[in-house]
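Here the chain labels run A, B and C in written order, and each chain numbers its own residues starting at 1.
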């Protein structure tokens, strides 16, 4: 929920292996492209990288190009290609994958997701590849956006510089990749799981907000739990992670499953009570400011111009979702709240 | 409690709206200027910005100039003016407010507080305005100090550079502004309140300590709670915040109310037991060092030269307050402890 | 546990005062040099700085040179010399100590530990001293490694730059010094002890991983607790600190006592169940990848190429310890696990 990006929505960043060893190798990709309602991700990410086995990489690229051509998807499409700051072979394959996608699917994709980016030098290398590919394909250099996965120590160390340089480039989002990141740092699971790396999320929130970019949390890979013979989806645990991310100001969360997409889409939109409270506070505080009262106490809280900005954010977010996915806002809010959210003045005084 | 600033005290940074829509528009400002004992803030901040309604801005400036002339205040006076890195109109108004204050109240003010500073470029713009104003007013460029409020993602991202540049300028303090900061990052209150942003406090403690500046925490705006018909001041909750700030090494805390000022002044001075323990450890460890023992175990703790520095800090702080506000030290410590604090040798060996 | 440093081990960084006011002034140093099994530190640090009283500094240097010549130590030897970014006298003494050590003990020492380093300028000053000393002693500039203690606000503020510059120098490790650090920041103990500064540990893990350096946690100085007349070693508390450090990816922990060394050596090597789980997951996931399955769910966890890296780290760590201290791996793991750890393929696909 970045105020600089009310026009761009990425509550859910759902990766789908683009080819799996099943009768329908495009099973998961197809499922993502045809999802409806809250199951439809804001961004669908056909995965050509770690989620796809080495032997299936070619099929993955073919599936992506073919299915994107067949389906009309309401959200955005961002294939994840191969790359690594410390492996020239992977960078070469990533460059070829980008080239194929731009040549055969420019109209269908909004951008590409590049993993394992290193420091500033490697980030510039990614920008150069994108520039070269779009130039030789004869498309505008701005036709293909870039999202990078922050999952190396070098990228973490340089995230401020990368975001600043990225602000003047096609970079649109930074996504956290905790598994590779933990391996790079040598973090240990001593019985309580991987480190949560909340500080990385906070740094992402800061640097992307300072530079007009989107920030997306990392995947939650412990999807199910089995107890006494029954396997259950871990709904509470994933929702808690997404709530922590929303709390810190991240724009969206990574999803590995349609159920996770439903939850990410829900958490990253204001709850009904949150919207009503925001509208109420804006109205009462605006009235107080017009009376000549600078700061006003409402229910024991001191509210001034700064506080109201947070409430305006909530209303602005609801309006954006309302334009893109009116079925979701209709399901989430009652008619009266929605009408007030559409009508209230949220401009600065 | 910054060892580089034993001569400067800012345990409490109390803002007061400089004009409100009441019979006495200067009610809160007057109250701050005439507070006594522990209710007297170390810094009083007449607020011309968010705490004052748009229609009262002119009255706020007049009240400030008039009352500062009338009252002799024991602490320091730091008016907060308008400013914003992304709003030229606010920067212009801020510049005019600084000009008026310097022209008509240079003798009464110690500096100005500038909010919503952006990155390095915007910070340099603030320094230029101050330089221009003091030059055209014909006063020394060092006559007016600067405190900035860190409340934008850009300032957070650049705080290391700002503090380093600030070390060679009139910058004296960095203050946290969590409400605007949360709005900028898009942080959400999902039922547990705003994010606490403890990492920002820690970064402030680091960068100000590295550059000889003061660091001040952010306001606690949920002053009261109402239950079963009775409204009560939230003494525990505010004191806990101030204690967290002191724990991380911040020099002072923001106060919105005389009761908060009392608490900030108390927490940011060593407690009686803390002072006695410091004196005891310094004496015993110094004796051990003179015996040729490098590290000594006292009550199970290994104490060496590094440990003693922390205890010297506590004594040094008490001496500073004792000089500025002897009534406070007389109320806080018994005579014997105070005598020992004044007499003990706290120089490095 | 840094993947760039499988050949370098510093699970335990044990400081020993090099001279104390006892009949045998070298008592603690001798004890460290002759320790066996898990009591033998990976790095032994004869302390010429804060752990040694001013009057014993000369004896400390003599003891170090003499004992290193007498004893064959299986781990590495890194004397800690005097230094301070804000005290020219200490820097001069440190330079002389380094000179003596290089002149009389080059063969015995692996490097020197330099405390209270400031910002980038001061760090470069340390490098220059080392360069000058090795040049005038006629030894290779790479003969003496450097470890610095991060314990000033300036070093914390500049740790990214220091690590980057250090990557192309003789710098090999950054160690945390919480006591001096707390004094510099003015952090307060308000009844719950010093701040834990976990964020500093995380920053160390990031910056050292990004630059191929080792990272070591800070000392735990509350070694014992006394209750109802009985004094006990605080085994749980120290182990918890070491586990937090391992969790965040630090390579080793500071030890003040042989018991702490035993614990640090244990925690910083994979536990038996951790090793078995790693081997099992690598085998099952590798098989799945070969089947054309990119991501596989094992016990409810999604496992892909990135996840496997974490498991490879664990196996790699066991192999390194197995080469250096086979008695420790023989005591820690059963024969079958150890055989599988030696045999399994942990190269990237």
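Structure notes:
The rule we apply is simple: a residue touches a chain if its C-beta (ideal position, glycine included) is under 8 Å from a C-beta of that chain, and two chains touch if they have at least 3 such contacts.
Note that the coordinates shown come from a computational prediction; the quantities given were computed from them, not determined experimentally.
Contacts between chains leave no pair untouched here, as each chain touches all the others. At the interface between subunit A and subunit B, under half of the residue numbers involved are used by both copies, so each side presents largely different positions. To fit its Cα atoms onto subunit C, subunit A must turn through 120 degrees, a value rounded to the nearest 5. One simple way to say how far apart two chains are is to compare their mean CA positions; for subunit A and subunit B this gives 38 Å. With touch defined as above, residues shared between interfaces to two or more other chains in subunit B number as follows: 199. For subunit C in complex with subunit A, the touching residues are 1-3, 160, 163-164, 199, 202, 205-207, 209-210, 243, 246-251, 267, 271, 274, 288-295, 297, 299-307, 309-310, 312-313, 349. Interface residues of subunit C, counted against subunit B in their complex, comprise 17, 20-21, 47, 50-56, 119, 151-154, 156-157, 177, 179-180, 182-190, 192, 194-195, 199, 219, 221-226, 231, 256.
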